[in-house]
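Please see the structure below; I have some questions.
The letters A, B, C, D and E name the chains in turn, as written, and every chain counts its residues from 1.
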Amino acid sequence: MSETPLVDELEKGPWPSFVKEIKKTAENMEKLASEGKDLKLPKTARGLLKLLEISYKDKKTHWKHGGIVSVVGYGGGVIGRYSDLGDKLPEVEHFHTMRINMPAGWFYSTKALRGLCDVWEKWGSGLTNMHGSTGDIIFLGTRSEYLQPSFEDLGKLEIPFDLGGSGSALRTPSACMGPALCEFSCYDTLDLCYDLTMTYQNELHRPMYPYKFKIKCSGCPNDCVASKARADFAIIGTWKDEIQIDDEAVKEYAKWMDIENEVVKLCPTKAISWNGKELKIDAKNCVRCMHCINKMPKALKPGKERGATILVGGKAPVLEGAIIGWVTIPFIEIRKPYDEIKEILNATLEWWDEEGKFRERVGEMIWRKGMREYLKVIGKSADVRIVKAPRNNPFMFFKKEELRPSPFVEELKKRGMF
Amino acid sequence: MAEVTYTEEEKKKVLEQLSKKTWKIPELAKITQLDKAKVKKIVQDLIDEGIAGYWSAGSTAYVATKQYIEELEKKRAQG
Amino acid sequence: MVKTDFGPPKYDLMLHPVIKKNYGKWKFHEVVKPGVIRRVAESGDEIYVVRFGSPRLLSVYTIRELCDIADKYSDGYLRWTSRNNVEFFVTSKEKVDALIKEVEEKIGFPCGGTWDAVTGKYGLSNIVHTQGWIHCHTPAIDASGIVKAVMDELYEYFIDHKLPAMCRISLACCANMCGAVHASDIAIVGIHRTPPLPDDDAIRRTCEIPSTVAACPTGALKPDMKAKTIKVDVEKCMYCGNCYTMCPGMPLFDPENDGAAIMVGGKISDARRMPELSKVVVPWVPNEPPRWPTLVKYIKQILETWANNARKHERLIEWVDRIGWERFFELTGLEFTDHLIDDYRITPYIYGELRTSTQFRW
Amino acid sequence: MSETPLVDELEKGPWPSFVKEIKKTAENMEKLASEGKDLKLPKTARGLLKLLEISYKDKKTHWKHGGIVSVVGYGGGVIGRYSDLGDKLPEVEHFHTMRINMPAGWFYSTKALRGLCDVWEKWGSGLTNMHGSTGDIIFLGTRSEYLQPSFEDLGKLEIPFDLGGSGSALRTPSACMGPALCEFSCYDTLDLCYDLTMTYQNELHRPMYPYKFKIKCSGCPNDCVASKARADFAIIGTWKDEIQIDDEAVKEYAKWMDIENEVVKLCPTKAISWNGKELKIDAKNCVRCMHCINKMPKALKPGKERGATILVGGKAPVLEGAIIGWVTIPFIEIRKPYDEIKEILNATLEWWDEEGKFRERVGEMIWRKGMREYLKVIGKSADVRIVKAPRNNPFMFFKKEELRPSPFVEELKKRGMF
Amino acid sequence: MVKTDFGPPKYDLMLHPVIKKNYGKWKFHEVVKPGVIRRVAESGDEIYVVRFGSPRLLSVYTIRELCDIADKYSDGYLRWTSRNNVEFFVTSKEKVDALIKEVEEKIGFPCGGTWDAVTGKYGLSNIVHTQGWIHCHTPAIDASGIVKAVMDELYEYFIDHKLPAMCRISLACCANMCGAVHASDIAIVGIHRTPPLPDDDAIRRTCEIPSTVAACPTGALKPDMKAKTIKVDVEKCMYCGNCYTMCPGMPLFDPENDGAAIMVGGKISDARRMPELSKVVVPWVPNEPPRWPTLVKYIKQILETWANNARKHERLIEWVDRIGWERFFELTGLEFTDHLIDDYRITPYIYGELRTSTQFRW
C-alpha cells in the first residue's frame, strides 16, 4: 500500500494535480541523484509528500514559524520555514522558500526558465509556484545553507534573476500584460512596473518600513492584476476624453449582437445609446467602466487623452478590515521617466515611514490621519472624484488660517492656544 | 416585577451622597455599593418626599438633594 | 563581491518577436474557442494566445517540458497569467490544435480558462490560492488540495464557456487572505474558531510580550507580568491568529474546529458596477481532507445557482444586486445565521464614503 | 425709530412672520394686563424681542445653560433657560420652556386648544411652538415659580394636558395621522402611540436612563414622522403579501398617466409591469417601497397581511455619527394590547439601562456590543433582512456551544479559559 | 395631591366626527389644488383637508384666532402636521375657498405645502427647525430668522406645485441637529469653528470635570488637576460643543466664525430609493442677520438647480445618483473642498452594512 494514501486521492480527477508534480519531482530527483547528478536536496520533495500526508491525517499544518536572514546584504526575499516533524522527517526540517522577482507581465523566454530550473534543481527541492499571489516566482523548499549559493547562481545566469520582496518592505511590483498583448492598455504597464522595480531596489530588498507596501500596475479599469484590492498603491490606466468609435465596426457587431440589451442597458450611467444605426456615447456621462469597450473591442477603444488613476490603501482584512483602494488622484499622466509618479510614491513612503505605526498599512494610516492630510502630503488638492459622496457629518476641522479675525480668535492666541 | 425594598440605612447612605453633588444613577449605585434598582427606588421615594429632586439642562438628567439643586440653580441663573 | 540589486530581467528581453514588433499597437482580440485568443495588430500581424490551466505548484521538470513545447510551437516564448495559467504564442492558426494536443497529452494541462465578453460566454479560470499545509505556519485549511478538489468538480466550466459572466474563485488558508479572497466572486477562507492556548514556556523563550499583546486587534490580550506570559480574554478573541503570527507561543490550531468560511460577491473590475468586497455566506465548513466534499458541494451549489439564474454579463454581486440577498439565500439554500451580521467594529467603514473605483465623470 | 430695527426686517416678506407673532403677543398682553387681567408675565414677549435684537446685533445667543427641577415628582418636561442679559432685561432673566405632551397625530379640538392658551396666557409668555421637533407642544418662556402652577392648571383643564419628556428619559412618542386620515396606514398608529405613551408614563417623566430614547410610529414606509432618522425605536407599518390591485381603477389612471415611465421604470426592483392593459406586480420582488401605491392611490393598496418593521437606533450625529435606524425586526404583527411590542421595548430598555454608558444612545450601544447580542436580548433570530449585505470579514465569534468536542477544547476547559 | 402621569388627551376625543366615523376606512385621496386634499372614505363620505403654512412660533392669540376659524369652518377641529403646518377639515367643497380666504386675510398664513405624487407635481413644505437665538444656549445660528428669510424667497414653491419631486428643507442651529437635518433633501446646520476657551472660574463653580472631559468625542480635553480646570488640545477639537453642553465653562461662540454648513441629499421615505443621510456641500457660510443673504442665495441656487434638472419624482439624492456628485458641484456652481471629505473616524459606518430601510422581499 502507498505510504501516502490520503494525498494520493488528489492524483485523481481531471484537473492537473499538484501531488503528481511533487511525485514527479521526487522521482526525477531521486533518479538523477542516484545517477550522480549534483543535487543538494534530492529527498526533499518526497519528504514534503510525507509531511503533507501527516497534515492530511492530523488536519493541521506541520510548519513552524520561520525567521531567516536571507542572503548577504538583503533583508527579505526568503520565507523561513521549519517543520515540527524535523526529527521524523529530516528532509524537510528546513523548508525555506525564496521569492524571485518575476519579469513584468510574467513573460519568459525558455532560456530564462531553463536557467531558473537548473538553479532550483541543484540547490532546492525542485518545486516551485508559478507564481505566488504577489507575483513572484516561488522556489519552494531549501535549507538555510543553500540560500546564498542559490542566490549567487541566479545572478550568474545568462538571464539573471534577483530576489523579490518580503517582510516590512516594498513588495515585488506587478503588472498586467498591458501593451504587450492588450489593445485596451492606456499606458505602458510593463515599462512602468520595471522602472519602479529598478528605482526601488533598495526599498525592495531592505525592509525598513512599518509594514509591507505593494504596487501594482493595470492598463485599464478591468484591472487584470487586481490592483484595487491587492495593492497599497494601484496605478490603473484610464482616459479623460471620449471613447473612440469606429462606426463601421459597430455595424458589423449590430448584425448579430443585441446592442440594446447587452450594451446600452448595462451601461451604469446610461451614457451610451443606440438607435439601430448609430452608437452614441455621452462623454460627460460615461464613467469609463469599460463595459461597452469589452463588448465591442473591434469598434470601441479608450480615448486619446490617456493616463492613470491612483488608488491608495488596498489590502486584506488584517487588522482594520479589508480595503479596496481609495482614489487619491483621479487622473495623472504617465510619461517616462515617470517623475511625477515617483514623487508621489516618495512622498507617500516617506510620510508613512515617518508616522506609520508598527504593522500599520498605508490605508489604515490614511484612515487614522484623514485623507485631507494625505492629500497635503502628496501635494494634491481635493477632487470630488475622491469620494463616493461628501461627508455626512458637520464635524469638520478648520485651520487657523481659514478663520476670520475676531476678538475670540485674539483671545485664543493670547492664551497660547492658537 | 418584584417589589424593590430597602433599609433605612441604605436610604441614608444614598441621601448622604445626594447632598454632595448631582448624580447619575449608575454612579450613585457604584459609590453606595447598592443595586441600581434599589437606588432608583430610594431616589424616587426621596423625590416624592420632597427631599431630593431631578436636575437637568435638557439633554441628560441628574439627581441631588433639593437643597443642592436650589443652590446650583442660583449659581446657574447668576452665570 | 556578489552582485545585488540588479532586479528582474527587463521584460523586453523576453517578448515573442511578433509581440515586440506590435507592442502597444494591438487592434483587437477575438476568442476563437475556449483557451484560444486571436490577437490582431494594427500592422495586420496576428498571434494566437493559447491558455492552459496549471496547478501552480510546478516541478522544474514540468517547467522544462513546457519549455520544450514552447520551443517547438511558440518560438521559445511563453508566459503565465495573473491567475497562474500558462500561455503560449502561436503565429499560425494551423499549429494551435497540435499545441493543445501536445500540452494535454504530455503535461496534462487543460486548454481553457478564457472568457469572451463579446459573445457573453464565459469560462471559469484558475483558482488563485496560497500555501496551506504545503508551506505556511498559520493555515486553518490546506490550499492546493482544496483547489484540486474544487477544480475537478468544476472542470467542465474551465474547458468550456458555459457561464453567464466572469466568476473568480479564490482561496486563502487563513484570515491573512494572501489569496486576496476579500474581493472574489466566490472565496474560500480558512478560519480558526478557538482562542490561542498560551504556551508559557514558548512565550518566555521566543516572544516579545508587548508587541504580541499590541498585535491583537480586539484587545483580547493582557501581559501577565509576574508569570512573564500572556493572558487571553476568550470573550474578545475572534481567532484571527495575529498573536500567533507574532509569537509561536500562542497556538490556536484545533483540527476539529478549524475549517473554512465561504464568501461571495466580491468584484474588482470596474466593468458596469463598482468594485465590492466579498461577504461571508457560510460561516464554517469543517476540514475534510483529502477532498473536502462538503465544501466542494457548497461551492458548486453557489456557482451553479448563480449560473442558472443570472443574466448575461451579470456577475455574482450584480445578480444579487438585482435579486436581493434574501433571494440569494433562498435560491442557494444556504442559511443566514447571526454570524453573518457584521460586528467587527474596527473596520474602516469610511470606504462607505470614499470612492473605490475609477468610475468618473469629467 | 424702532427699538428693534434688525428683527423688524423679518416682518417683511410673504411668509408668516414669527416676529409678528412675538409683537402681537406683546401688544395683547401689555394691553390686557393694563386692563387688569391676571397675567403673570405680560412683559416677557417684549423682553424676548429686545433680547433677540441684541442677538441679531451680536450674532450670538444670549441664553445660558438651564438646569431645572421641573414640577413636583417629575424629572423632565421643562427646559430651564436663563439670560446672560438678566440685569438689562429682567423680563427674560428666566425663560424656561415646558414641553406638553401633544395628542397623538396632533389632532385637536378648539376646546382643548383654548384651554392650553388660557393657561399659557396666564402663567407664561403667551408664546408657543406648535410643535417642537419631537412633537411636543412647546410653551416658550416662564419663570421657575410658575412651572408648578402652570402644570397644575393644565391638569385641571376640561381636556387636561400632561408634560412630555426631556433629559435622560423616554421622550414623547409621536405618530403620523395614520388611520385617522390616510388610506395607506398599515396599523393604528394613533392608538399604539397613545397606548405606549400611557404605558411608559413613569419612564417619560422620571429620567433614569443613560440618555434619551425616542419612539415614533409611522403607518407605512413613507414614514411621515421621519421615524427612521429621528427615533431610537421606529415602528413603521408594512405588509407581507401582495399589493391589492383594482384593475378598473388602473385603467382610469392609464387614460392620462404615463405608467411605463412614472411607475414601472421607477420601481426599484422592477417588480411591476404594465402591458398597456394589465398591471402586474411580482410579489416576490416587490420591496414594498410604496412608489406605485403613492402614484395610484385609487388603484393600489397595501396587502392584507399587515404589521410593522422595527428599526432601532436612529439618531442625530452626536457623538458617534448620525444613524438611520437599523432593521431589527423585519415584520411584527401589531395587535392590541400590543404585548409583543411592549416586551421588545422592555427588553431593549432594560438592556440599555443596565449596560448603556452615560450619554450613549441605544444605537451606539448596539454598535458597540454587536447586533447579535441585541437580537438575543429581544429574543429574535437573525434574518437576512437585517443587513444590506452579509459581513465582509471573517472575524466571527463562535460560542463554546458551537464548537465540536476536541482535545484542544478540553485543554481550554482544563485551563479554565472556557 | 397633584394629579400626575395622566398622559396626553386620548386622540379619539379630538377627532372630527367624519374622521372618527371613517377611521381606518379611507379609500383614497386626491390633491384638488395646492393646499387642498380631498379624502374619500369607503362609506362614500368625503372630507377636504386644507393646509396652511405657519411660522411654528405661535402666539396664544393666533391660536385662538385659528380656533375661531376652525369653529366656523371645521366643526371645531383642526390639527398640525409633522412639519408644523396647520390643517382644517371641511366637509363641503363650497366652504374651502372661503376658509382659505379667511385664514389668509385674518391670519396671514398661506394655503399650500402639499404635493401630489399622482400628477407628479410637488409643493415645498414648511422648514422643520429649532430654537436658535429664541431659546437655546448652544446655537451657532438663529433658526426662525433664517427660516423666515428662506421661505420668503421660496414662497412661490410653497403655494404652488412647481417642483419635480418631494424636497424637504430642515434647519438645526447646532450640530446636535434637533431639526434632524441629518436626513433632509436640503439642510442648514449651525456650526462653530473655534475651540472652547475654558473659563476656569466657571468650570470650578458649575462643572463636573470628569464628565465634561469624557463628553469630548475626539479626546481633545484633559483635566488639569492642579488648576482644577480643563485643557483643550485645539488640534483635535472639531467644535461640536459637547463640552459646552456639559459645562458652561467651555464657551466656543465666536460671532465672526460661527455660521452655517449646508447639507443635501438626505431622504427618509422608502419610496423608490433607500433612505440616505445628508451630505455637507458647503462647509461654511457666515452669519449675516437679519436676512442671511448669502445663505439664502445658496439654498435657492441648490433648490432651483435641482428643480430645473431633475426628472419627475426624482428627489435630490436620486438626481445625484443619476448625474453623479461631480455634476452636482458643476451644475450648482458649488466648490468641492477638502472639508467635504469625511474624516470623522468615530462614526459607526457599520450602517454601510446594516440595512436602514423597510425594503424587503419575502
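The definition used in the following text is that contacts are C-beta pairs under 8 Å (C-beta built on N, C-alpha and C of every residue); 3 or more make two chains touch, one makes a residue touch a chain.
Here the structure is a predicted model, which is why all the values come from computation and not from measurement.
Asks: Please identify each chain that touches chain B as well as chain D.
Replies: In this structure, the chains that contact chain D and also chain B are E.
Asks: Could you run down the chains that neighbour chain A and chain B together?
Replies: Chains in contact with chain A as well as chain B: D, E.
Asks: Relative to chain A, which chain has the most distant C-alpha mean position?
Replies: B
Asks: How far is the middle of chain B from the middle of chain C, if each middle is the mean of its Cα atoms, in Å?
Replies: Chain B and chain C have C-alpha centres separated by 61 Å.
Asks: Taking each chain's centre as the mean position of its Cα atoms, how many Å separate chain C from chain D?
Replies: Between these chains, centre-to-centre, one finds 48 Å.
Asks: Can you work out the whole-Å distance between the CA centroids of chain B and chain E?
Replies: Result: the chain centres lie 36 Å from each other.
Asks: Pull out every residue in chain C that's touching 2 or more other chains.
Replies: Residue numbers touching two or more other chains: 175, 182, 217, 240, 253, 255-256, 277, 324, 326-327, 341-345, 347-354, 360-362.
Asks: Residues of chain A touching 2+ other chains?
Replies: 269, 284-285, 287, 317, 321-322, 367, 371, 385-395
Asks: At least two partner chains per residue is the criterion; list those residues in chain B.
Replies: Where chain B meets two or more other chains at a single residue, that happens at 57, 59, 72, 76, 79.
Asks: In the complex formed with chain A, which residues of chain E make contact?
Replies: 175, 182, 189, 191, 193-195, 197, 232, 234, 238-240, 253-257, 261, 263, 265, 277-281, 283-284, 286, 320, 322-327, 329, 336-345, 347
Asks: Could you please specify the touching residues of chain A with respect to chain E in the complex?
Replies: Its residues touching chain E are 269, 284-285, 287, 367-368, 370-372, 375, 381-398, 402-406, 408-409, 411-412, 415, 417-418.
Asks: Help me check something: in the complex, which residues belonging to chain D touch chain B?
Replies: That would be residues 64-70, 72-76, 79-80, 82, 84, 86, 93-94, 144, 166-169, 206-208, 210-212, 353-354, 358-359 of chain D.
Asks: Give the list of chain E residues in touch with chain B in this complex.
Replies: 176, 202, 205-206, 208, 245, 248
Asks: Show which residues of chain B lie in contact with chain E when the two form their complex.
Replies: 21-22, 57, 59, 72, 75-76, 79
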